[in-house]
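Taking it in order: structure first as structure tokens, then the write-up.
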Amino acid sequence: MTAITRSLGNVSTVGKVVIPLLVLILVVGPLVTVLLATVIGPWVVGVANSNLGILRFVVAITGILLFSIPAAFIIIYMELKVIAYMNLRVGPNRVLPAGAAHSVIAGLKVLTKEDFSPTSADKTVFTWAPVMVFLTAVMTFMVIPFGPGLVGAPLNIGLLYLFAVGGMTVVGLLLAGWSSFNKYSLLGGLRSAAQVVSYEIPLTLSVVGLILLAGTLSIDSIARQQAGWVWDWFVFRQPLGALIFFIAGVAEANRTPFDLTEADSEIVAGFATEYSGMRFGFLFFAEYVNVFIMSALIVTMFFGAWNAPVDINAVLGFFHLAPFWVYLQPGELGLGLLLVIAVAPLLVTLALSAPVYLLRDSMPAWKALVVGFILFNLLVIGALGLAAYIDWDWVAGLVWFMLKAFIFVFVFVWMRGTFPRVRIDQLMGFAWKWLLPAALLNLFITAFAIVILKSAGIH
Amino acid sequence: MTAPVQPHYPHPSADDPRIMLDAQIGQYEQVPPYPPRTEREAEFYTLGDGEMFLNMGPQHPSTHGVLRVVLKINGEKVVDLDPVLGYLHRGVEKLCENSDYHHIISQIDPLEYVSSLFMEWAPVMAFEKLMDVQVPRRAEYIRVLTGELLRIASHALFQGWMALDLGGLTPILYSFIERDEIVEMLAAVTGQRMLFNYFRIGGVNGDLNHEFMSRLGDWMSRAAVQHEANIGLLNENEIFVRRMRDIGRVDRDTALRMGVTGPNIRAAGIPFDVRRAHPYSVYPELEFNVPVRGSNGGGDSLDRYLLRLDEVRESIRIIDQCLHEMPDGPVMARLPRLMRPRPGRAWAAVESPRGLFGTYVISDGTDQPFRFRIHDPSFVHLQLVGMLMKDNLIADTMAVMASLDPVMGGIDK
Amino acid sequence: MAMTPGGAETAAQAAEDSAPGGEAALVKAAPGDVSSPIIVPNTLWTSARPNSYESTAARFTHLRELEHSDLMLSDTARWGQLEVIPTKADLIIDLIRMNSLWPLLSGLACCAIEMMSAATSKNDMDRWGMFPFRASPRQADVLIVAGTLTTKMAGPLVRLWEQMPEPKWCVAMGDCTCSGGRYKRSYSTIEGIDRVMPVDVYVPGCPPRPEGLIYGMMKLGQLVKERRGHWPEHPIGPNVPQDV
Amino acid sequence: MDRTLRTRLAAKLADRLTGPIRQRHDQTEIRIRPADLIEVMRVLHDDPELEFVILADLAGVDTGDTMQVVYHLWSNKTPDWLRVIAEGLPRGDPRAPSLTGLWPGAEWMEREAYDMLGIVFEGNRDLRRIYMPPDYKSFPLRKDFYLPDDSARGPGGGVRHVEEPYAPLAATTRSIRRTVKA
């Protein structure tokens, strides 16, 4: 025993960790495997089978957590680059082509910064407030349908859940502002409380008309009702509602021109003034996740969710064509399939690199081959993507959904590059004097129209 | 001589009872930490019900440098405020009193770093009065030309800062393009981008050169159009206009009593422009208007903003006239190297982009001035902030302060 | 009267402008007569809140103490216990930091304008990932001291520096911050900020061109990569031996 | 040079002036006692023939044995700048009446003169240091405040005692010469 201790004392820190772990794995590993195979495995499967809903929820929230990070990175990169071009600048362009990784680099750097809390701050609240902000943002994702069936939790009261959870963001901001023990933070937190609470009302009311029209609170159902052509989208039946929802959404996401909570020129960085390191990273992330959520919501409610703007079946029907279908059955080719897999890449690569080589004098052969290979890969990916798009509903839905959502993200970024900031009294006045009556008007007109149309027998 | 040894002091606050107490209570709100010394300080540092202090600066994004403003706020409303200066006090006056007359030009240059040619102009004029020097006409035209160029650059920066303080990101970058072009142009003739050190007693340091003229020609060919485009960028923005209208209104009487000059007094409806009120250089020979804005009730932030845009238009006119009317000839008077003016006093004032910039020199017969006094317009204008901001919102502080266009270098000397 | 009056008109004036002659009029400065000296360095260097680090008093109040301590001799001075992390990971972290240096939005004087100019369209600092000027020191990596540092501003500036989280770097921009520059003789300026805080990169010039600042920032990036988490060699304060 | 201004001033303020009215280039200069300051300024400001409405500058001057406060005024009625010198303030306890009642904008300039030269303006309700820190004791623009010579400080001088007035030996040779002359 002493020999073992002595030799353990000689190994490095890494070794001290690794060697006991190895021993543990060697001894415990087989035991666990046997147990898993005989007893625990069937039991887990049984439990999972009987609790499919919960399992689905856990998988979904994990997926969404994983998804929210690249989404935020892409939006941050987009903001850096788009605003740079609006400013007649180039923007970040050092890490990866066109500086594509600069947002990731910044995120990682923030992660490795020192993370401390001020002396007089309420440490518990100070630590957990960013988590709360981020968590509410991510929880909102749960009910957003990214495509047909691609939804974390298909609640039938999805809208209600959305507003209930979305409204909790302000609690996180308020806690962050209050616990920092900084007057700028406090002002920022209070401003965000006033702002979000005020804009929550027109935001919710603007959707009530839509609910009356759709007759449901389920987001999935609302999305399905917008299938078909562009003019089936709710934005054409609820233009005022869409406008109010958009404006209130900008205010909810704390974006320019309503970014009073972190107004640089007034209250330094608002509720985030005292945050550094990863806690600041959380707040920063949550802001951009919120931007994506707002865009996604606008798309889901008013801009046809995952539906394509063209009803492809109707078009095909007009030309008396059968619905397009991929007739390729790979299994029927038999041995030929192997031949294709072996030869096709080579031939296609050569075929693609030949024109490149011939058309450009300065191109050496190996470079042309590389270009050809890349083109071939792109071709294959494109073909596979097209096949997936045609074959699977959810791929098509995801493509359209992301496209539309990022168009709205672009609008958010555009506004940031363009607008000055409004003042707090103008902000509140706008919410209560204009948006709220307009939302109510929208609601009454919708209800009135529905009653009239129903009594007239038109649906 | 041995250098003084830096003694090692124990941590002074380790057992400081006041700090210990603060740590126990958890607050550090004793502002100021000493008993009030003046009536005004006692009044300001007494908190009413529901009020608190908010300390802005010396490092704050919108205080235009190292100004510190202590706000007494009630919620979002500013009850009172107390600007604290001196964070950039470089002792320029004392340094100038210890430098000879040529040297002073470079000492005073960085005072108002946005428009440093005007900082050279006033002392140079004062020295010329003191020494009875006649400046060649070409040199006077060059002074006017470069000065007006710099005025445009300064007003362009003002436009950008105004937008930045109201939360707009983009205009500042556009105005910096304009400013960089002008500054590079001036660098071609002076050799420096910001602190030109170009004017001399009795003329300017070097004639205009080819690169300057070609750059200027390029710029002039599109200056007016570009200016109108820059105006359109902000003036048609509803948020921007609403943020500035009816904020920080200065009426005529206040403007006079507070010693306001420059664009700020013209925006209050009083056509006081040193170039016309007390003409110097070749300004009497040039045609330009003194733009005035503001109704009977005085001018608000928007007036001050718009007036500067009007001034840019006039400056472009002046530059055009200078280019057409500039005579040939020498750019420096013949002067001895070592200057010992007769004992006497001289005062000279120029219209800088911010207002009346004056210098007052007393000579005692040596090659250094006995007393050298600098009067900077921003210093006077900043006083207004305390008066204008009462019962406005925190966000308006930025709008008003930006519209007064203070530069801390000049304020703090 | 040593002064010779220049003319008839100014004779009386000169008499009024200047004091009567003689040694008697010379006001002797005795120690305590006009003032008592204020010692600058320690008020600058002591933390305003000694217990601000996790409720414990700081172990060191001067970098000079740190220099002589065992902490400074080991590699762990800045990053803490890093033995578990392989060296290459350290390099990757440094590469990341090098490409994302967020400056603090703080300018002192003239150089601040050129600092802003470095970030604008013509000289785009954002290309190296240096752009988002953070307004709060908690989120900044680099303190670009742009402009003359006065004795009154020294305290707040050091406090800003203390408020920035590690790892942090300092760029001294302009002659005034490097050495005192043209205001070296003044009674209210500090001759170079390296008297009050450590400096990583000096960018001379009055003011330096924006390209100069960008070059300095790129040099800083190089330093971040090469220095691998070590402090600069020189300590704070006068680095000339006391016997000189 | 506006000769009519000279006659007008002489007519209005004959008994207040302590010296002759001087004119040079575009400046007219009058000298008064500090005790008369407010009345003189009121006349200058209010009189319809003078109407000096703009206070362009307020400067304190330390001449070595006495102090002066110098005002520069502008009026639409004359092409000259008017310089008003309130002279003869004792150097040990320089006191002058404040002009903040007439021009509230003079407040900070008076604070500056107080900060730099120690001139106390009676009636200014906010007379505290404006540039230097509140605990600063000396007055930098006074003539007995010497700027140190570059060579007087060793290269390893470190952070100097900013406020210590240097004894003449350590001060610039030039400033010593001037002071001795004066």
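A few points about this structure:
As written, the chains take the letters A, B, C and D, and residue 1 is the first residue of each chain.
Just so it is clear, a residue touches a chain if its C-beta (ideal position, glycine included) is under 8 Å from a C-beta of that chain, and two chains touch if they have at least 3 such contacts.
Just so it is clear, the model here is predicted, and its values are computed rather than measured.
We define each chain's centre as the mean of its Cα atoms; on that basis chain A and chain C are separated by 43 Å.
With centres taken as mean Cα positions, chain D sits 35 Å from chain C. The centroid of the Cα atoms in chain A and the matching centroid in chain B are 48 Å apart. Averaged Cα coordinates give chain A a centre that lies 67 Å from the centre of chain D. Counting partner chains per residue, chain C shows two or more touched chains at residues 3, 13, 17-18, 39, 41, 49, 51, 105, 120-121, 135, 152, 185-188, 237-238, 240, 242, 244. Taken residue by residue, chain A touches two or more other chains at 87-89, 119, 264, 268, whereas all remaining positions touch fewer.
Multi-chain contact residues of chain B (touching two or more other chains): 2-3, 6, 23, 60-61, 86, 89, 91, 94-95, 98, 173-174, 177, 344-345, 362, 364.
An unclassified topology is adopted by the chain contact network, corresponding to no line, ring, star or complete arrangement. The set of touching chain pairs reads A-B, A-C, B-C, B-D, C-D, using the touch definition from the header.
Of all residues in chain D, only 24-27, 29, 53-57, 59, 61-62, 70, 72, 74, 76, 79, 81, 83, 102-109, 112, 116, 125-134, 140-141, 145, 147, 153-161, 172, 174-175, 178, 182 touch chain B in the complex they form. Of all residues in chain D, only 19-20, 22, 24, 63-66, 87, 131-133, 135-140, 143-148, 150, 154-168, 179-182 touch chain C in the complex they form. By the touch rule above, chain A contacts chain B in their complex via residues 83, 86-89, 119-120, 183-184, 187, 191, 256-257, 259-260, 263-268, 416-426.
Every residue of chain A that touches chain C in the complex is listed here, in rising order: 12-14, 17, 80, 84, 87-95, 99, 102, 105-106, 108-110, 112-116, 118-119, 264, 268-269, 272-277, 280. For chain C in complex with chain D, the residues that touch the partner chain are 2-3, 9, 12-13, 16-21, 23, 25-29, 34-41, 44, 151-152, 184-188, 190, 195-196, 237-238, 240-242, 244.
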